[in-house]
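Structures incoming, each one as structure tokens.
Here come two complexes built around chain A, the first alongside chain B, the second alongside chain C.
And now, the complex of A and B:
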């Protein structure tokens, strides 16, 4: 309970912090409510969508990461494992390549969502009807590899270095220069995904004891897997569509918070969601503070911070096992 | 009152008939030891009864809706999976999952059930230890406590005492026998025939794809059955210390 209050306060603080950081200084929270002039405009049209997207994407990554680790009973699982983020990225890359992205503001996100939908359809088809987790991992790996290969092909066939550059920069993941349109595009899908993932807690708890024991405790494993895949696809597909691929949050945050919730998968869901939001908001503030004039990509920073953190956690786990 | 009834249950796995036309029933007050050589189908029989493997025929458990079944029969699988480093108390509380709604916090009744299960398995002093750091036998006892905490009339366990030290083997068999005395039903697959004879109220011997013998321990562990199914000889005596069973030699 104390953890809930603590994490919520941290997220709220970082959200407000995210509104204050930028080249134009801080316009005061009242600027969000209304008023004319450049400052209220910056607050409402640039900073607010950026902070909201950071919050939403962080929640999504943390929540789906915790759900995925709980379902696969493996602390190395992450939301990208089912391949949906890769196929969504492929859709976006195709949109950039064909010029759809520059012709229409919604071209890129919608193409990414189409990629995500295709990815979900493929993985459900590949993984088969029964509720096993092994086929899901294998199908996810195959799908990710396929999508990555096709993404490379698009890069390979890029008409000029600038086009390739644009694709590479987009793939690093960023929240810069997003608008409320992006928020409204992602929010409905994410809410559906959050609700779906929030219902998996009981099943994930039971799965701690293995698939057989969970099934005997009244958990419908087929439905649990379907809920998990669709929920993850909704939040991750929408996230990639508006911000590109942001790695390591879904992997590190659940791992980091697990000891604080007595390792109960159902409790980890909400804790990890809040933790993910805090991490993305903090990282997005950091990219603006570290290189105010440059364009440090959010995905690069989360990987730069996340990977060593993960190494440290592995080291700690190893010592705990010895 | 009958807790489980199986009618002509057959299981075919990968074109191999594992079980053919098995019929039996288990009532309240019975502690049934399911015995038989490796591969006789003990695990498969229990999993089929629970609806965890596809089967033909009828099982009273699979006829129940999923949620209802989970409140009627608890299942302890042979593989002792514990995915996360939780403490013993939290692990045992997982047995209450069928009784909780989606986000409900554990009630006083849930805590009482966990307490009682820990008491029975003599694990109160370990309740705050991290279960993944315990020894294999201690983990097994925690998982038995988890199964008991589910609070079901019927308890089914697959080799529950494998890997336990002698004292805890005997204590665990006594726990199951007590459950039966209290009017619940227990089915456990066992390899230790000596303990089975002393504690079970009834033995079911599986062999050749079906039930070979079913009844009181002395009626099931006859020299003929031991020879035909296990391929062993044994000494079986009624002593002042209760029935004693000791396997002796392999018959080739």
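And now, the complex of A and C:
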């Protein structure tokens, strides 16, 4: 309970913090309520959508990371690392450059969703229900490389001269200059995904005892798996469609919070969701403080924190890998 | 120089247009493909009457030109190859001021042996430029805003167009001479009177999304007319006057409305 209060307070604090920093300098929160002039416009149309997207995407990344790790019982499972974000990005890029995204408002998020579904399904197929570390990571590397190559190919073939420069956005992610349109685009799909993943708690708890025990406790494993696939695909697809692929959040946050919830997957779900929101909001504030006038990609910061931890986890699980 | 060149091939969008205006009938045998595309070319129709080239040494050489017109930014490899093959290549640098445009017209007249036509064009240019140069004491403030939040300053042709049309440039206030990236938040803070955005390229891109951000629409909404740059803005040709004239009309409209 204390953890819930603590994390909620932290997220609220970072959300407010995210609203107050930016290239235009400090902005008072009162500007959000209304008024004319440039500062209220900046607060309402630039910073509010940015902070909201940071919150939503952070929740999604933390939640899906915790759910995947719970289901595969493997601390290395993470949407970014296993290639799901990359396949979602491929879907989004295809939608934008075939014109689907401009022809139909839902084209972009749904195409990213389709990419994410394909990614999760492939990973679960390749890694098997237990998700051994080695197969999981190898399958993830292969899938990431393939999706990234195809994304680059699409962007390089695009007639627009700017398109090829956007490869880095799709691989590293950014929340710069997003608008409320993007919030509304991502929100419905994300809510569906959050609800789906939230129902997996009991099943994930039961799975800690093994598949047979879980089945004996009345858990429908096939349904659990399907919920997980669709839930993860919804939240990752929607997030990547508007902000690109932001890696490592779903790896770092569950790892840090696991001891606090006594390693219970159902508790870890909500804790990781809040923790993920805090991490993304903090990282997004940091990119604006480090390089106020530029567009430092969010994924750069999350990878700087996440990659060393990833190495540490590999080191710890190398016996399992051998 | 032994007489005027008879088979001239231009491989640069801007030399294409100057040559089209100045060359004698039949003198210019090919222009670059770019100049036939109305998105960047002010003379797409006239250019379409001639065979196009893709500015590759091989095809240009096959046209047996006695003069090739290139930009200083044209592919070095192409230009060097043509020179090695013994073709005379004249390179024109990109104009970034009204003086550069005048110099370009005069030089094009010289290399084509059409000094009279160039002088005529220049006289028209000067008269029209003088007519349009009536900047008010209090200039309205304009911001140019392109893909990825790039803004252009006064040391560029676009900046000179805006300046001559009687606007003050936001980029100058923000300390950019040639141009630089201006975050959307900072642009909003400057409260420009006019926002000039670029014409999007074919196909989609995230970089150009920023020109359609709701904030830009709001900023544009305050101005008399939302303006967009086009082929008239790209090259140092007399078409620049057309860009100046339409911007100036917008300014006069704004002043009348006040």
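Following the convention adopted for this analysis, the second predicted complex is superposed on the first by the 232 of 322 C-alpha atoms of A that agree within 3 Å, B and C clash if a C-alpha of one lies under 4 Å from a C-alpha of the other, contacts with A are read in each partner's own complex, and residues count from 1 in each chain.
Note that in this section a residue touches a chain if its C-beta (ideal position, glycine included) is under 8 Å from a C-beta of that chain, and two chains touch if they have at least 3 such contacts.
Only a predicted model underlies this, so the values are computations on that prediction, with no experimental measurement involved.
Engineer: For A:42 in the superposed arrangement: first (chain B), second (chain C), both or neither?
Structural biologist: In the superposition, A:42 touches chain C alone.
Engineer: Of the partners chain B and chain C, which touch A:177 in the superposed model: first, second, both, neither?
Structural biologist: second
Engineer: Kindly classify A:99 by the partners it touches after superposition: chain B alone (first), chain C alone (second), both, or neither?
Structural biologist: Second partner only.
Engineer: Which chain, chain B or chain C, is in touch with more residues of chain A?
Structural biologist: Greater contact footprint in residues on chain A: C.
Engineer: Could you look at A:263 and tell me whether it touches chain B, chain C, both or neither (first, second, both, neither)?
Structural biologist: Only chain B; A:263 stays clear of chain C.
Engineer: Along chain A, where are the residues that touch chain B in the complex?
Structural biologist: Going by the criterion above, the answer is residues 73-74, 199, 201-202, 205-210, 212-213, 215-220, 258-259, 262-265.
Engineer: Give every residue of chain C touching chain A within the complex, in rising order.
Structural biologist: So the residues of chain C in touch with chain A come to 147-149, 181, 183-186, 188-191, 201-210, 213-215, 218.
Engineer: Can you tell me which positions in chain A touch chain C when the two form their complex?
Structural biologist: Answer in residue numbers: 22-24, 37-39, 41-42, 45-47, 96-97, 99, 101-102, 158-163, 165-166, 169, 176-177, 179-181, 292-295.
Engineer: So in the complex, the part of chain B that touches chain A is made up of which residues?
Structural biologist: Touch list, chain B to chain A: 47, 50-52, 66-67, 69-71, 73-77, 79, 81-87, 90-91, 94-95, 97-98, 100, 102-103, 143, 146, 150.
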